[in-house]
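Letters A, B and C name the chains as they come in the text, with residue numbers starting at 1 for each one.
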Amino acid sequence: MELERNPVKAVKLLAESLVLFRDKRGHLGLLAEACAHRRASLVYGIPENEGLRCAYHGWLYNAEGRCLDQPGEPAGSTFKNQIKTTAYPVQELGGLIFSYLGPEPVPLLPRYNVLVWDDVAGETNGTVIPCNWLQEFLARHAPSPMKKVRFDLFEHGIIERHMINNEEDESWRTGAPSFFPTTSLLGSPGGKSGSIIFVAPIDDTHTWFLLHMASRVSQLAAQESIPFFDVPGVDEAGKFITDTANGQDHMAVVSQGNITGRDLEHLGASDRGIILYRELLVEQMERVERGEEPMNVYRDPAKNHIIDLPAITPDGRI
Amino acid sequence: MELERNPVKAVKLLAESLVLFRDKRGHLGLLAEACAHRRASLVYGIPENEGLRCAYHGWLYNAEGRCLDQPGEPAGSTFKNQIKTTAYPVQELGGLIFSYLGPEPVPLLPRYNVLVWDDVAGETNGTVIPCNWLQEFLARHAPSPMKKVRFDLFEHGIIERHMINNEEDESWRTGAPSFFPTTSLLGSPGGKSGSIIFVAPIDDTHTWFLLHMASRVSQLAAQESIPFFDVPGVDEAGKFITDTANGQDHMAVVSQGNITGRDLEHLGASDRGIILYRELLVEQMERVERGEEPMNVYRDPAKNHIIDLPAITPDGRI
Amino acid sequence: MELERNPVKAVKLLAESLVLFRDKRGHLGLLAEACAHRRASLVYGIPENEGLRCAYHGWLYNAEGRCLDQPGEPAGSTFKNQIKTTAYPVQELGGLIFSYLGPEPVPLLPRYNVLVWDDVAGETNGTVIPCNWLQEFLARHAPSPMKKVRFDLFEHGIIERHMINNEEDESWRTGAPSFFPTTSLLGSPGGKSGSIIFVAPIDDTHTWFLLHMASRVSQLAAQESIPFFDVPGVDEAGKFITDTANGQDHMAVVSQGNITGRDLEHLGASDRGIILYRELLVEQMERVERGEEPMNVYRDPAKNHIIDLPAITPDGRI
């Protein structure tokens, strides 16, 4: 866990500059980076017992964004009560820290299988990809040439299947389900190991690609904390590192340009996954415009016990 | 003195690209960087006995911007007499070089105490700060939390006082006077050492922070020339260096952004210095608009003998 | 030859991002960098027996830009026949690779002397100059102060002559002819060695300066391939390298700015070369606007046998 080394971290999400911190009691907070007083960066702030204190004039904020102290103001001043900075709810699961930046009421944090297991060894890799999130996420729906490829809609998004040998391939039977809008799960239903990919929009031209891998070992052997690695996308000469499948994907999506010209593409029959996802995205945006909730907003704890990979029935249905 | 190492130096001030040089007689000049002939940079120019010669086609300019020679033109040509490039008056004081970029008539160069002393050892530090000059200069009027803080207008600008122990503190009795618009003096009236800060606008988003420190030693021990150091604002990883008070200030003002959103601030009682300075700035701009001269334009040599720190009277008045 | 090390190379010309490759048969191709399928960069493509295959989904293009294979599409699909990507004709001469990006019909590749000789030892140097091509090429018409300088129009462009000692100087008798629009030849007519400069526009603010030098040795001693060197324009501190004549020119033209303000120049009698070339450029653009061909479009092989330096007659005419 990265915050163990340094309890304050700059984070940019959805084009908002934020600061994530853990206070001395261990509570997490995610605040606007700029101090409400005179806009100095809270990345240089100091965690206190409760909250984060700005290094400039010492204003102290708690995780709700409330200002608890203004040392320069006269005794008895109520000025601090008028201050409320941007703050987002933060939650920890499986060694990762999640936040919700949307409208109230806050939904449940989806409990994907690899995050819920409490007996795992694993790691998380992060890479900043200099292109927009959609371009990056569509790499999940654009398979390399295989014997056979198939894309299916399911209740949570799209399943991509590809056959390397035969119908017994895990990549064919279970496939790689993507959970709308930006999560992918890999592994087998009820399996002993798995991985999950999160594609987090930093801003219109940058995306945080997060790959989290976990294997169930035993509660005795389980890691106390999950290590995090910053994985570079390019080498020192600025060339893409194409030794790994993810590196190859990054080359492909970034070399398209920051925001590629969709009108210049030529989509074929094998691009059904791309088309399916784009249609799904438009459909879900229309739902939101009508005031409805999009796919995968969890509010019922019973349905959020554990989100596993979808099992396929013998007749090929999910 | 920097020009001893290299007698030609690129300088950007008020968004103008200029070249400072010392010719072989020792005279200083400050010219537009682009040669009037074909716009090559005079930073690569060669100082001659009188003036600076462009390395491209050899046009020679004196410190008044007049073209003295055009080697490629026919003998007897008067073309050079038509050429006059931008040139600003330059003056040396206390080991520093000053220029005046405003309208005529040129006022006197203010003779601040540490610059006038001729028996000093000291040094000058310079840091390029990537934000606008006002944001940087306001750091002078925004003290860290202290026992007691006070800001007073005086005839040359604003005095900031803060108490660490009691009323005998130098920081309370003398305080830190800032001379409108962008100069600060530190030390004690008639003292043996002092320092001066100049905040020079490079362009709208860059500021040259200059700290000059001098201690009176004796004419025998005095330095022949004042060393100049480029002090970085950030370390190799791009993080602010916050081990020094000035480094902390730079972090605070730069992390606000290049030009911060003043409308997003929340000023309290302790921010009286910020408000005072902004009011003073507006008032002085209005004076200039009415055709009057702003504060601190020195024209009477008698009043410019030596500008010392203001002495405070026993009843607390200046 | 650079492609020997890596058979695929990114090239930007006239603001078009392209990819140059040599396939396994040895044929050259120059294609749009972005794959027509989903815009991934073909710089990461793999040369095949015929053509270049995109590393993303395996589309294969030949040198004419035709799509030969789409492995993901169903057997029997004719989708590939609809795909035609941008492709330009490429030709090799004297160890250099040339392309033509203009309208049809494709003219002949000019056969300049140093490129035609087949018994040479030499090298090619390339430098990317961060300014527009015209500014860079005008350095060819702006001599340093000399005893005497003269510019003459001739049937292919402009000859610059300068005298160092007397009328027997090669630089006076033959001079440096520039072939409209962006080529310069140096040496002597029918000589044993020579050099040629190509100024290739990368985009509006970048120019590829290519200097090719060749000496006739003997067919036995001739090089099998001409080495290519990337010559930096600036040192590690970002200062221009002014130890060479070309480095000095680069300093002069780049320090003028990316696209310099021509209206801020002051041209004298010695700038006749600059004026001549600008007039020639306007005149040739007007020809093209009228639907005529500009200077130096070769269509008759007889006139393109070998383009040598113009010989000067005893009475000083060409």
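Throughout what follows, contacts are C-beta pairs under 8 Å (C-beta built on N, C-alpha and C of every residue); 3 or more make two chains touch, one makes a residue touch a chain.
All values reported here derive from a predicted model rather than from experimental measurement.
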item: Classification of the chain A:chain C interface as same or different, half of numbers criterion; value: different
item: Superposition of chain B upon chain C: rotation angle, C-alpha, nearest 5 degrees; value: 120
item: Intercentroid distance (Cα basis), chain C paired with chain A, Å; value: 48
item: For chain B, residues that touch 2 or more chains besides their own; value: none
item: Complex contacts: residues of chain C adjacent to chain B; value: 142-145, 149, 240, 242, 248, 251-253, 255-257, 260-261, 264-271, 274
item: Chain C residues within the chain A interface of the complex; value: 34, 36-41, 43-44, 55-58, 70-74, 77, 79, 82-83
